[in-house]
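Going by the order they are written in, the chains are A, B, C, D and E; count residues from 1 in each one.
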Amino acid sequence: MSNLQILQITFYGAAILLIAIGLYAVVTKRNLIKIVLGLSIMDSGVNLLFITVGYISHKTAPIFSPSVMAKYKTIHAAAQAMVDPVPQALVLTAIVIGFGVTAVALALVVRLYRHHNTTNIDEIRNLKW
Amino acid sequence: MNTLVVLLLILFGGGIIAYFAYNIHKIVGDIWLVLVGFAASIYYIGYLDVSQVLNIHLAGFVLTLALNSFSWIFGLLIAVLLPLVALYSIPYMKGQDRLGWFYMLFLFSVGGMYGILMAGDWLTLFIFWEIMTWSSYLIVIYRRSEDAPRVGLKYLIFSAIGAYSLLTAIVLIGANVHSLSISKFFEVLPMHSLGFKVLVGSLMLIGFGVKAAVMPLHVWAPDAYSTTPMNYTSMFSGALSKMGIYGIGLIVINLYYHSGISLAGEIVAWFGAITAVLATYYALIQKDAKRLMAWSSVAQLGYIVAGLGIGTKLSVFAGIYLAVLHGLFKANLFMAIGAVERQAGTTNFSELRALIRKMPWTFFSALISVIVLAGIPPLSGFVGKWMLYESMITSGHYVIVVFLFLASVAGFLYAFRFLFGVFLGQEEKEFEHVKEANPFMTVPMLLIALFLIVLGTFPGIMFKYIARSMADLGFYGVTYKMSVLTNDWGQSINMQYIAASLVIVFVLFLIVLTWVAYKNSRNVTTKDIHTSGEPPSEEDNYHFSENFYRPFQRAFAFVYKYAITPVYNEFARGIEDFFQYVRRLYTGNAQTYALYVLLFLAILFLIAKNIH
Amino acid sequence: MVATNHILVTPIYFIALPLFFAFLLPLLGKIYKSFIRIVPGLMFAYLAWMAVVLLLYVYKTGNPVIVKIAGWAPPIGIDLVFDQFTGFIATVIAILGFLVWMYSYLFKKVEFDNALKYFLLLMLIYAGSIGVVITGDLFNQFVFLEITGISAYALTAFYRGRDGAEAAFKYLLIGSFASTFVLLGILLIYTQLGTLNMADIARNIDKMDPTIKVIAFILLFTGFGIEAEMFPLNGWAPDAYSQSPGPIGAVFASMTSKAGLYALIRLSFTIFDFSSANELLFIMGILTLVFAEGIALRQEKIKRMLAYSSIGQIGLIMIAFSFNTYLGVFAGIFLMLNHALVKSLLFFSASFLAYNSPHKYIKDIQGFARYMPVTALMFGIGVFAIIGFPPFSGFWSKFYLLSAMAEKNFVILIILVLSVSLIELVYYFRVLHKLYFAEPTGEYQPHTPRWNAMLAMVLLALIIIAIGVYPDLVTGFIGKAAHAIMDKTTYINSVFSI
Amino acid sequence: MNTILTILIVVGAIILVGAAIFAVVKRDLILATVATSVISLILSIFYFILQAPDVALTEAAIGVALTTIIFIVTIRNTKRFEDD
Amino acid sequence: MKKAIAIILLAFIAVELFVVFYKIPFGADRMNVARFYLENSPKKLGVANAVTAIVVNFRGFDTLGEVTVLFLASTALGSILFRRREIHTRLSHLRTSVEASVIVRIAGRFLVPLIILLGAYVFIHGHLTPGGGFQGGVIIATGFLFLLLAYRKFTIEHRTITFVESLAGITFAGIGLIGIFLGKTFLENFLPAGKLNDLLSGGIIPLIYIAIGFKVAAELTGILDTVLSISIDVKQKEIESQTEKNE
């Protein structure tokens, strides 16, 4: 197995495991905070997947810094030696959105705690059927 | 301007204006109502141009307004009833609130009926059908009585069942015939497959059958007819139910007889016959005049459906004739009951008695109507039944004849019960103050009674139009004479002779009877009951109106044991229970919902290979 | 193509203006308190007008208005597509946005902070919904979906006393699932095609590895299905509908669910080329319809009942679209319009009815018709329209839907749909009967709607009746919309021709 | 990437998953939160390795610092231990 | 039971996902539009950091949405947690139950300005170096977090936060709208691109990134402030219940 294959299994495996573990926490854990933790782990997994997919072996970060320009001379040559910047941009957005959702979720947890005096999701079932 | 549109505008516009008119003042509203009633009626009879056709392009469909002579005859019935009911309504509805609302809906429903009759395509028919349905529904629940929600919902549900099957049929027609025109549909129908014909035909029949109260779709009718204010019930039972008859006529004749599925017509006839019998027997055991007449309506509609279903020239002729007659006499009877209700305050047989001398004109018109209903010779009901039986015998439907005959006998019984329960018997102190109804109420009733007498003596007046309308259904060369009925065996009856002779006998009999009765009678209150200290039990026949036909009821107990209503109720409850259980899917636990999502995703993954 | 840089009328304003004013609103509130009510209103009115102008333009010329953002033509930049289909839905949302604003003009009159937040969230949920509809970029759609989602969570938890937080938490949980799945789906597509533009994806969809394509489709379908309230992914919906403030129920029914539905439809119709997508849509539509309407039959609370009914309507719309025939799609779009209008009216009136009853149960609103006749009448009109009595708009959508089914000779399906309609009729009229017939129990707090709410309701009712009496008002637009969504090639070509 | 880096990455990934499992299983929520911040930390290193410095910075700032802080504040205001 | 179902389902989903993702080769070049971005962000926009170019210009619309999400989150937080202002001022000393040590407090005096400076540096150089508005904003917010935690007297005037937040937001959306008014498109660059790797390059991109930086900083600080003030409410409750007990 080549290094790349190992890395492929490692990164994809880790990311998907993170998603699965996050989902597991969300579905089975009774504690509200644990559920929110699960959500944020899930998000992390997705983000890792994005960056993994955007990576191109032996290429550098997509920044045309003076040192890079000095190395490759032309913009075209430099651009050929860079990883895919789009997933990075998307993940940037996704991380911020994930943080926003987490913050809102935690605020809801606090309010639920005030209202029901518990963080057990099984006891918060006023609305049903 | 197109005269058909004008008529619809008179009714719908009149309805909207009536709402505001009643909000200004009751008198203004009343005047407006009568004005609209007469205007519509006169316009219909005198100025309507039957040959006119109007095509409206709306929403990608062609809506056609066109009247033919078959529908014209039903329109005529409405045109006769509308002004009379309008007049009658003025005193009848006195003291009710939300009159504007009531009359707006009233005129809307009449407009809906005319729309149905004018419809040249199924979509127009359906639109007006629904307008008629919801406006009549709103009238059924107009009196906020305790029963109203239940009755209204029942009416609405059955109407919706009917409307939906109609709608299904219509969209199937649209998809397969590529035109919604009614005449086009009947033209091309023979070319379609049997399955399509049967499917569309049955759906349509269910749709129209609901309004015509054919069993087992009649459940709503007794309740709705008896809960509604009587002035509307007279339209409801008199005219609105005829829309169902109109539709059944169209379908049975055009669909079945002209495209070769006569068996289906027979089945319809059987439904009609069974309805007639069972409804009559239910009418017998009613304790309330309204309900009795409501069941009677169901029964009479059964006759008509049976007649249409047989589908011979004569039976259809008889069916249409009976339909017009039923419209008149049933309207009259409901008006009479309304008058009684208004004057005496009740329509319950066990409370009412001997109103004959208090309300003679009401009695007279009711009497005439009952005679027509029972089909006793001098009057027109006899003519209709005569023709109906004849048509059935000549076409070999002996069993149906027996059924209808049974129904007629029992029909006579309930007619008698009605007369006796309301108008005859011994007088009571508590009804001493009762006076004859307002002339606005009696005059329309008497006018209808007069019509009935004339139609009995000179049935040919009506025959002319019916014969014309038969041509529209594809029966040509219908012959008739003014007052002579001829049967296939060559015997004939001249109605004028019969009428004259019977009227003389009848009048003499009445005079003698009354004189004798006066002489030997003694007034004892009916509530003067001696039970010798024993508390009276149900079994004690302490009022003559209780258990009027008890022996009869016992004899036919096996009929009364079975009722369709509980079946429907059980069905509804079953559905509700089922969903009560299904509802638990939404457990209220967010994690369960999340699990559903994962399950859904997993299932999709499993079937991923099949997605292509 | 229209000049993409028209200064007064450009689809970009649907998103730019609400965001701009949302950022500005706290400052405006400092200057003059009533600005937080008036300014959004002016903006909503302007946008509604602009939507109509744009739609008329698109309708008349037949050219979609496509706007590129930041000067980059698609697939490089993000584009907004205002064509006959997206434009129609955007217009519906825009008009309803204005009406919702009018309805809630005096909302929380005394509590300045809450009113500020309310209007802010309203503008953002509006921008998010329209954004989902008119954007031409998949990831951008995701971002707008999140904006819609987060504002919806906040609005659901808006009232303190109730169980809003619980509902919002459920919504958030399931919503996060949706965003995760959508992101994964987008990622899969990106790895194969290297682009995020919908038209570009649609153009090159054949180049995808078949397995990956299917999985991407499934992930996106599930994700958007959650937003579209598809059964069994809709556990959050009844709670969110019933706990949010009155007008927000209307917003959910007319905007957010429409946005999710749009995403679902765009996914199955344009982006992917699966023929079984329609079958999937069909099956899920039937399940959604039957379960939701059946459960609505057994509801005790009025807003919850309306919520289930709303979900049921979504199922109906999905069924209509799943036929993939002109008539079916036409019926689906008509149903979308109708559902948006009628459900808004029902939520508008029902929220006042529920507001005045102590426990929000259906049995509590009995006899309210005599205290608030106009509101009750509006509710009645809504019920008549949703049952589909002519001459209300519901009739036409139902008729077209059934015609579409008949065209395919789905008799059993027609019977099923009509049976469900019967169930719908039963539970709606039960409420109506309670409203009109039962004796009031006396527990009544007089909160009759003020003039603005009245005006909004009456306007909606008038629109409903106008469409019902003269459906040609909208059928022209709907017809073109149906052609637009079914014609994938034109969509792709017009996006790339700017 | 060379072999040493690969090994390091594999080890990192194992720690990553281990931290995730720890975060889910541990009843002490503060410790679980700390575990998630460890996840974020490792992720941000991964991002650096995968040539995404922008994302790495963001993840480090938001994932490690802010998310953890708001979690901890929430936990302090509710209950620290998960109960069954 | 539920756990078993969940584990089976998740295992299945995870395996399925892994199988699918395994088809995507790791480290392979599969750029399509990205190639265009890489070529053109230095050429046309004069931006050295391609990610910045994408985030702020090519896909700037996403970023507007993203900023809105943060704005929404802070609004939503306020609306969900409804803090009570009067308590806020009265009981602000209760924010931390444990007093920060002297070292922390004194270190803070030196550190916080440095942190804020670093943040500003990061977002001003967003178009040249890794980082940008978000990262810089987060860093600044961390600085304020430090202040909030370490100094019990420190309060942030909420009005200021709102002001900064709104102003930055308007700047972002406004710069976009100026593009339209200049006859270009929304968010289109209307300033000269400048020379690559100059501080004053990239046209409107640095401007927008600075606005984003301020906005993110203000929003996150607001969020943190709101979240931290939860404890005040809870503490208040505890005090109330204790006084009740005492009485």
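Just so it is clear, a contact is a pair of C-beta atoms (placed from the backbone, for glycine too) under 8 Å apart; a residue touches a chain by one contact, two chains touch by 3 or more.
Being a predicted model, the structure only gives us computed values, none of them experimental.
Chain C has the Cα centre that lies closest to the mean of all protein Cα atoms in view.
Note on chain placement: the centre of chain A and the centre of chain B lie 71 Å apart, centres being C-alpha means. Chain geometry summary: the mean Cα position of chain B and that of chain D are 78 Å apart. Separating the centre of chain C from that of chain D, both taken as means of CA atoms, is a distance of 38 Å. Between the CA-based centres of chain C and chain E the separation comes to 30 Å, rounded to the whole angstrom. For chain B, the set of residues touching two or more other chains reads 583, 586, 588, 590-591, 594-595, 598-599, 601, 605. Residue positions of chain D with contacts to 2 or more other chains are 52-54, 58, 62, 66, 70, 74, 77. Touching of two or more other chains is recorded for residues 7, 11, 13, 17, 19, 23-24, 26-28, 32, 35, 49, 52-53, 55, 57, 59, 61-63, 82, 86-88, 90, 92-93, 96-97, 99-101, 103-104, 106, 108-111, 125-127, 129 of chain A. Touching pairs of chains, sorted by label, consist of A-B, A-C, A-D, A-E, B-C, B-E, C-E, D-E.
Contacts from chain B toward chain A in the complex involve residues 583-584, 586-591, 594-595, 598.
The residues of chain B lying in touch with chain E in their complex are 591, 595, 598-599, 601-602, 605.
Listed in rising order, the residues of chain A touching chain E in the complex are 4-5, 7-9, 11-13, 16-17, 19-20, 23-24, 27-28, 49, 52-53, 55-59, 61-66, 69, 75-76, 78-79, 82, 84-86, 88-90, 92-93, 96-97, 99-101, 103-104, 106-108, 110-111, 114.
The touching residues of chain A, when paired with chain D in their complex, are 3, 6-7, 10-11, 13-14, 17-18, 21-22, 24-25, 29-34, 36-38, 40-41, 44, 47-48, 51-52, 54-55, 57, 59-63, 82-83, 87-88, 91-92, 95-96, 99, 102-103, 106, 109-110, 113, 119-120. Interface residues of chain A facing chain C in the complex, by the touch rule stated above, are 19, 26, 32, 35, 39, 42-43, 46, 49-50, 53, 86-87, 90, 93-94, 97, 100-101, 104-105, 108-109, 111-112, 115, 124-127, 129.
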